[in-house]
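The structures considered in this document are given below.
Each of the next two complexes has subunit A plus one more chain, namely subunit B in the first and subunit C in the second.
After this line comes the complex of A and B, so read on.
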């Protein structure tokens, strides 16, 4: 009985060795090949497995080092000869391995430009209409909401705050349209946290609903500055798909087209992996000398003014707010982000 | 056969299905009980002469039982539909319960008032848009928070903003506000070119600027000077904070509100009934949800964060209210 077990174990060991030999043809631990752990995980005996693991790991390390040295030598040689060296390897990031989106916008796309010319924001971009934002809250705001709104009012000099007073959204939309507002922004608060934003462009939509997270007021930001209520510049980054482009235009139309450059304030909406980061900074350009003899360079320095928060798009509805019969251009589903390389904005 | 004293003896000193005992007093769960209390005078079983009011689908009915019909349980209760107008319903009660014990007449009128009031309240609530609660799975939430943190690191916000501002400076967006040495400009240009060569492969990672910004850039040069002159005028006042003060009569609108609702709810019957059903269904749904939650509590309770979402169940709003805001 015991002999039999022994022999079978021996066989198993042999097999495992053969197995690992077979698989070893690819460089161990390379990006595409199996990892050392994967190569050894089938070995049941822990001691044998650990031994094998250590051996393979050591070998992989050696191979990697040799490869690196070889590469460095090549680069050095190329530099000495003054020719172009081998191409540098590009690390894989989520951004450059992003799943292809057919609606990605190429620069100067005629179709997109034509669409932009007659969408809801055209009158803003043609300078026919200045932004005029009605800012309000959910039904029962707390102190925290007012602190947040006070800061938002400094970011958006074109905004006016109205108390909600239990008034239904549709009535607010009607009122704001009649009063000549171009946008309604409703911040939602739940459990003493500002956690949502409903943005309605007037008079004909669209309506965007965001979840709002990671709110930080300026007083909580280390080394923050004090914002002046002047028109900030606007930076919109990475709004690349059709949906993103539309959203970018929507966000842009909250700000004045002719910023006050003297106040040196800049508001940023930066989209990264479908999270839209909002930041508010004051900047300054400075000449900076690099080293003792180098010529000076112009650099930009930033000071954060706050608030900062992150927006995640939940839905985009054409037309103004209508939760019953509204037509959705986009609606978030939790399955949408199961694949971490698929993004919509 | 029918002996009230015997029945009450059994109920009071023995057992009654409908009796609910509490520390301070006993309650009665019988649907026909007019007060809800367990005592001799308001017990629907131990009184051979009894009257109560019940609500069915938003309509009120007066139920009367008499000793003459005690031998046929099928016909025991006489059901009389009450008028929708409160005053007329009161008159009906007076008429049907003439020469009845004062206690029953009084309690029935009290019950009529109570039910009428809660019906009005139900109808008003059904008309008012209510925020909808959306459940959020704790796991997805955690995942999203993690991804957000990673996206923030990948964004390199400060660097990308600084770079964009330098680009704008280079393009001449800021006109003649800044006068840096020409050499410095060239240095910046060179550095940018070098970087471009270096990161040639990383091009996919570089951000593409929205069209609107470029539009801004081209045209901004012209009005920089104007801007310098009049930006003080553009500045907002603290008055903007108190924007609501400008709306007169908003509280008056609220008072109007209740009147309008009261009359309308009595007028349209069908609508009211429909809404009641809807409300009931909603209540049932929430009750079911709660039940599920408590059962699940024994296992591991999933942390469901709920957040409010605007959701209107709105009908055509009364014109007077619109004018008020």
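After this line comes the complex of A and C, so read on.
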């Protein structure tokens, strides 16, 4: 037994020597090579391992620094000469290494355009219809919900709040359709936390169900402003797949569509890794004179208004709310995100 | 450059083609080079203009509603019938996609009422008339027609040969394999079975027995399927309330099997040719197989993320095709339930069907023959060795 151990130890040392030889050829800690920990983890003796680790780590750090300085010099030199410098390194992130999605919308896809031309939101995008949103809550909302809704009403100037009063959703849908509303938004609350949003487009659907999290009211945002009662501009980021495109159209149809209108407030839906981040800002472009005889410069100022929250799509159902008999265009399944580089939106 | 050396090329010479119809009225053909090569499946044809929005005639809003059926028809090719809203059926040539004629089965009176005249079920009948295909169609309103090519014409004029009414609000229709019976599932009334020849109702089902507190689901048969090999006596029904019911017409009017599948509406059923297993799909994107003899679910075909609108089984090979609202055509193996391919077809898909083998008379049997030959050779070798 002991012999076996000894032999393995010897082999280990041998390996480390070989490794050190290899290291001279390629820098340690480069993205593709093994890490210092991986290089030393086979050494059984802790003291030897620690020494080796420290040595290698120091070396790796030095190499990295040298490389960086070299790159910076190259960039500087290129800048001085006015030529194109070395290509900037792009870090690998989960977004830019995401699994390829075949449903990603190509620009000017005739079939997608044909579908969009006559879908449920087409009348809104053709500006035949203005958005008119009915805002309501789950049963027995708390004070927190009302604070949140007060801010949502500032985000959506076209929304009207109705007390829920224990009325069933299907009845609300019927009522809202008859009254000419274009959408019903129902915020859900559980244990004094706003945690869900059900968005029903009228009169024929679709219905989107979101999990709502990370709610921050404007009073909790540092340096926040007060929203003025004006239509916000809209930014939709990264709704690129077919499902995302449809969802983006659905969210866009909550806001006024007017190509030439000017506002100072902006509502943003930013999709990143299937989480839709909502932010509400105010901005201004200011002309500032630098010094006494400098040319005036345009400076942008941005102030957050709130609320902030994050949406996560649970299901998209065609037709108005009917969770038992309705047909789902998309339904979140627990194993959908087994691969963390696969996204649906 | 070929991707890999494919050892099964010789087994899979017959291309498999599927037809898929979608929400915009486009009929697409998807073809795989062989049964074992579904990873190379791709769209080979796209027929029709997307005309949900711009309608050249100006009087109809056209969109597909039902799966199309087809059979080997005139002049060696086959026909594809596409049911549309407002009671229209277009008959297409199965290979070129040329529209041969448009059948109008909707009554002009109710054409204003939206969607009630949509075609729910279509099926070509082959056995009854000698060599000439007949087309059985059923509208949501409950109008059943049988159309046949007019005598003396070359298939360009079709005339209704029979017409009768079944209960309204039809949500599913199925014709038995020998084309003698038709099962109709409605919303608001229980399953009824009709004799195609005499156009008489032969069976009217009763709902399952009331539960402990005396409640019965409102009737809604959203999918029906005859079990092959049961002499048209066994019919499986999927309901809008996520129940699967097996009726045996020889065994009374109540179901002999009643079980719950998932929590959504059951949208489609596909019975395997031996009649022992039935594939079931629902509106939440679950596809599972029901073992009829054991009376329980025996495995799932995974992949769909949205409602499955239609299932289709290959007549001879162990292949299951499914389409639905997630805009993908998926083909699974019915043996190991693995997904063989998923083709993105851009629109919400309503119907899918396998085409009959493209060149039945020439190419089809050859590669199949090769397999047993090879096996025989192997056996011979073994024999030699043993000798």
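Basically, the second predicted complex is superposed on the first by the 277 of 345 C-alpha atoms of A that agree within 3 Å, B and C clash if a C-alpha of one lies under 4 Å from a C-alpha of the other, contacts with A are read in each partner's own complex, and residues count from 1 in each chain.
One rule holds in what follows: a contact is a pair of C-beta atoms (placed from the backbone, for glycine too) under 8 Å apart; a residue touches a chain by one contact, two chains touch by 3 or more.
If you're wondering where the values come from, they're calculated on a predicted model, not measured in any experiment.
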Which partner does A:84 contact after superposing on A: first (subunit B), second (subunit C), both, neither? neither
Determine, under the contact definition given at the top, whether A:293 touches first (subunit B), second (subunit C), both, or neither. neither
Now for A:102: first (subunit B), second (subunit C), both, or neither, which partner does it touch? second
Output check: A:162 vs subunit B and subunit C. Expected answer is one of first, second, both, neither. What do you get? first
Identify the partner contact of A:324: answer first if only subunit B is touched, second if only subunit C is, both if each is, neither if none is. both
Superposed model, subunit A: greater residue contact from subunit B or subunit C: B
So in the superposed three-chain picture, is A:125 touching just subunit B, just subunit C, both, or none of them (first/second/both/neither)? first
Could you list which residues of subunit A make contact with subunit B in one structure and with subunit C in the other? 112, 324
Subunit A residues within the subunit C interface of the complex: 102-103, 109-112, 114-115, 117-118, 122, 242, 318, 324-331, 333, 336, 344
Parts of subunit A lying in touch with subunit B, wherever the complex brings them together: 87-88, 90, 93-96, 105, 107, 112-113, 116, 125, 138-139, 150, 153, 157, 159-163, 165-172, 174-175, 186, 188, 190, 195-196, 198, 209, 211, 213-214, 229-231, 233-240, 245, 248-249, 252, 257-263, 266, 268, 270, 272-275, 277, 279, 281, 283, 285, 287, 295-302, 310, 312, 321-324, 334, 337, 340
So in the complex, which bits of subunit C are touching subunit A? 23-24, 26, 50, 52-54, 240-242, 263-265, 267, 283-285, 305-307, 309, 325-327, 344, 346-348
Which residues, counting only subunit B, touch subunit A once they are in their complex? 128-129, 131-132, 137, 140, 143-145, 147-148, 150-152, 154-155, 157-158, 160-162, 164-166, 168-169, 174-175, 177-178, 180-181, 183-185, 187-188, 191, 201-202, 204-205, 207-213, 215-216, 220, 223-224, 227-228, 231, 234-236, 240-241, 243-244, 250, 254, 306-314, 317, 321-322, 325
